[in-house]
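Two complexes are shown next, each including subunit A; its partner changes from subunit B in the first to subunit C in the second.
Moving on, here comes the complex of A and B:
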């Protein structure tokens, strides 16, 4: 067999060292070599958190996870799955329902790769809204295994939230600068390409418009209220 | 006709100014009356959803501002803004408890609460249903004859249907196989190119977080349209522009020249057909060579 475990449905869900193959196998005098000589090693669950689904449902997003009947329409429709075979919404939901933190931890740097295209939610026959369940599972992953999440994601998401909650406006120019500074790539801001775009935007007046974006009117009061609610949420689930 | 509340959002007032000015100009030509929402904030751009109830406060404040201006409908050209507004509108219409919590936060900050129902519309659906192909055709001064255009709808214009009602309300576009943009481009005289990834995602959300994945998604969309003979890709979202226009060089660097294709906004093409001037089209703002292509094809702005 060319690929180990070839022919196993959803092969990407099975870890390599769990697949046992024999070159040639005879059981009770019958030669079962070929497709029948592949086995899965027994698995022992050591770490199990039955409250995980309740934790997801308490987040105020993705509450419909309880409706999921594991049909797999989400994964079949998924944009991120077409780039990363390990990104499998049906499987993520299955792991949360089982409370299988052991396997979810291994996927910490995959779960956030949802692009938010909502193809899954469009097609889900149970209105689970898997796209938003991915947001909720992403929160769990950040809380428990944040250090395993790619730095680009940590910096990118942090910059968005800081700017939107801070000013009530989205300034794409300062956002990109914050991203690059956070990633230690601030020198790229002075690259020939960035200078060209900066000069072009200066000449065509977009730089002026960008500087004028500022803050949303009356934002400081709303900012205090929103930050207070975000803090109280974190205190419930530290 | 009564005015609709116009919510341009943040991108259209800065980097994507071309989409703002061309949308306003095209609506004016078609006799559609817009009233910009005053003192608005960012919609949340989908990045706050993980914060639960708090995330609904931002789009709900925008709906409440429209209500305060006595307008029953909000129209947004940006698909991300539209998605956030449609999400807040549909969720709060069905969940009175959440609506109470969200309004509570608004009122604690001295803001107006959202008390009535405000209808949320995307620019494309608004243009199609309030003007439509016939009125567009009647405004054409310079038909886009011979120009092969690939319409690209992206995600949030229709998805998910239980926020937008697309696929449920038969008057709205079809989420699996939309046609509103193709019909308007056809009315403007363009040759509409059918291509495989019209409703696939551009990865715009992760342009910084995941350059590699985004470049692959963009390559698939751009090369798929190019292989079908498109000269230009037409957009209805500034986030898609960030991925497909501004970051196109990254898709080319990773996957080759197949990803090289000029990108423009639908409203820039309609405006060009209407004979609008440079200041209302701002074709030069686009990064992937649309201005040069359209000039070489003999179209004058």
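Moving on, here comes the complex of A and C:
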């Protein structure tokens, strides 16, 4: 068999994992290998996890998910959607409310791609705060299907972790530099615009303070909390 | 002790109250703050009316005629109350009108101060007040009263027309969480009118739910079946000008995914709010208001047309969004309640 399901006319409408095919198939003594051995799994949904909504609500920022009435204002306002067509906050909220883990699992690697522009939260007529509900859904997806989430998401987490665990705060300037280096775009740091801003900040001494934020206040206590957190996370994601 | 009833507001509800009191032989004074009687439909020149698509001129005229030249009924336009003292049976009301101030006595008061349209500039994402071809249903009523529908920017006949339902209603962000009740049916009628004037126009209605409640459902069916109006379930997130058209960005929730399509004219179904006149009278008479600002009856089951303040009766769209047939029925009902109230006091 060359291509999976190649005998199906409207192939694009059928998802890969619904197509059942065998190299060789014999039914009641008749060899039906070839075109006749393509079967489709039933599309009737039988399995729901109603507790999914409660899991999202328990995360605080997901609290208002119950309010959603599926109007589509969030998706209509979405920035990420034009880059990732499957990123549809309204649809994700629906899947969570229904407890449709099958469909959500398939989209695990899309759910976290919100860019945080907050236009949805500004416009949602029910004040669901979809931007932050998406954050909560992202956490749930990580917990359940962390292995399905693409590695790009890890870009920059090294620098994040180093700063948080090392100083208790994020230094956005050095973080951006680290990210650009990670992406092989360090030249952009030396653009005319960056140099102009850099010189200005050097003259009024902001540059020094920006690059050396130092440790967060109450560091000795904070450090213990962070260490504890790191251990608990490593238990979940070794 | 006064035997007269003061009616505040000369819209459908107030006109019906005044005519009913005249029919009952009860003395009454009708005050209207605008120069003309007829209420909001008159003030903004509504076109064809729900439920039977008759021109507003035609249906308002008999309501106005019934209060003209009636014995025992005084009609004052360009006038409004400025102060009220006393109590049921003997209210003292100060009126400011074109002839200056005057004071009159009233045994009972009917409040029929109606509604105002939601100001769509408050919902900034649609650019109402910035882009001339983004209009609201109030503007559209006036535009449809003309023989030809033209778009404001350049006077061209719009070929692609879209309606957005629930603007200023059912939306926490603008502060109105109630349904304005009339807009779904009004948009169906306006869409039909667009098609009647220009059968080749493409007309879309973007909706979350269609609330053509009760017998009004036939308008929804008619728009769809006879005029080919298209209903798209979803929400529009923003409107931006592009190449002389409006680029409309939204999500079609049935297809699951966003769209960006050009339109020539976008109509916002801006809802109903208690107007400034209602707020003013509520303060003068110390009337209770429900959380959205509409007037609250004493008991919505047993006394839906009575205020908690004795001797004050309520009718029309100042109680809640509604169509004018309901407003007219309530005006007549409030007139009966007020007349019965005065009679019971006189008998005492």
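Everything that follows uses one rule, which is that the second predicted complex is superposed on the first by the 128 of 238 C-alpha atoms of A that agree within 3 Å, B and C clash if a C-alpha of one lies under 4 Å from a C-alpha of the other, contacts with A are read in each partner's own complex, and residues count from 1 in each chain.
Throughout what follows, a contact is a pair of C-beta atoms (placed from the backbone, for glycine too) under 8 Å apart; a residue touches a chain by one contact, two chains touch by 3 or more.
From a predicted model like this one, the values you see are computed outputs, not experimental measurements.
Contact with subunit B, but none with subunit C, is seen for A:80 once the two complexes are overlaid on the shared chain.
In the superposed model, A:198 lies in contact with neither subunit B nor subunit C. When the two complexes are overlaid on their common chain A, residue A:5 makes contact with neither subunit B nor subunit C. Comparing subunit C and subunit B on the residues of subunit A they touch gives the larger count to B. Look at A:69: by the touch rule set out above, it reaches subunit C but stays clear of subunit B. Legend: residue contacts after superposition of the two complexes on their common chain; A:127 is shown touching both subunit B and subunit C.
Contact with subunit C, but none with subunit B, is seen for A:88 once the two complexes are overlaid on the shared chain. Common to the subunit B and subunit C interfaces on subunit A are residues 119, 122, 127.
By the touch criterion stated above, subunit C contacts subunit A in their complex at residues 125, 166, 170-173, 208, 234-238, 249-253, 256-258.
Note for the complex: subunit B touches subunit A at residues 9-11, 13-15, 17, 39-42, 44-55, 57-58, 61, 83, 105-106, 108-111, 155-156, 158-162, 167, 175, 200-201, 203-206, 208-211, 213, 216-217, 242, 282, 284-285, 287. Subunit A makes touch with subunit B in their complex at residues 59-61, 79-80, 83-84, 112-113, 115-119, 121-122, 127, 129, 131-132, 135-136, 138-139, 150, 152-153, 155-157, 160-161, 164-165, 167-173, 176, 179, 197, 201, 204-206, 209-210, 212-213, 216-219, 221-222, 224-226, 229-230, 233. Touching subunit C in their complex are the following residues of subunit A: 69-73, 75-78, 81-82, 85, 88, 90-91, 119, 122-127.
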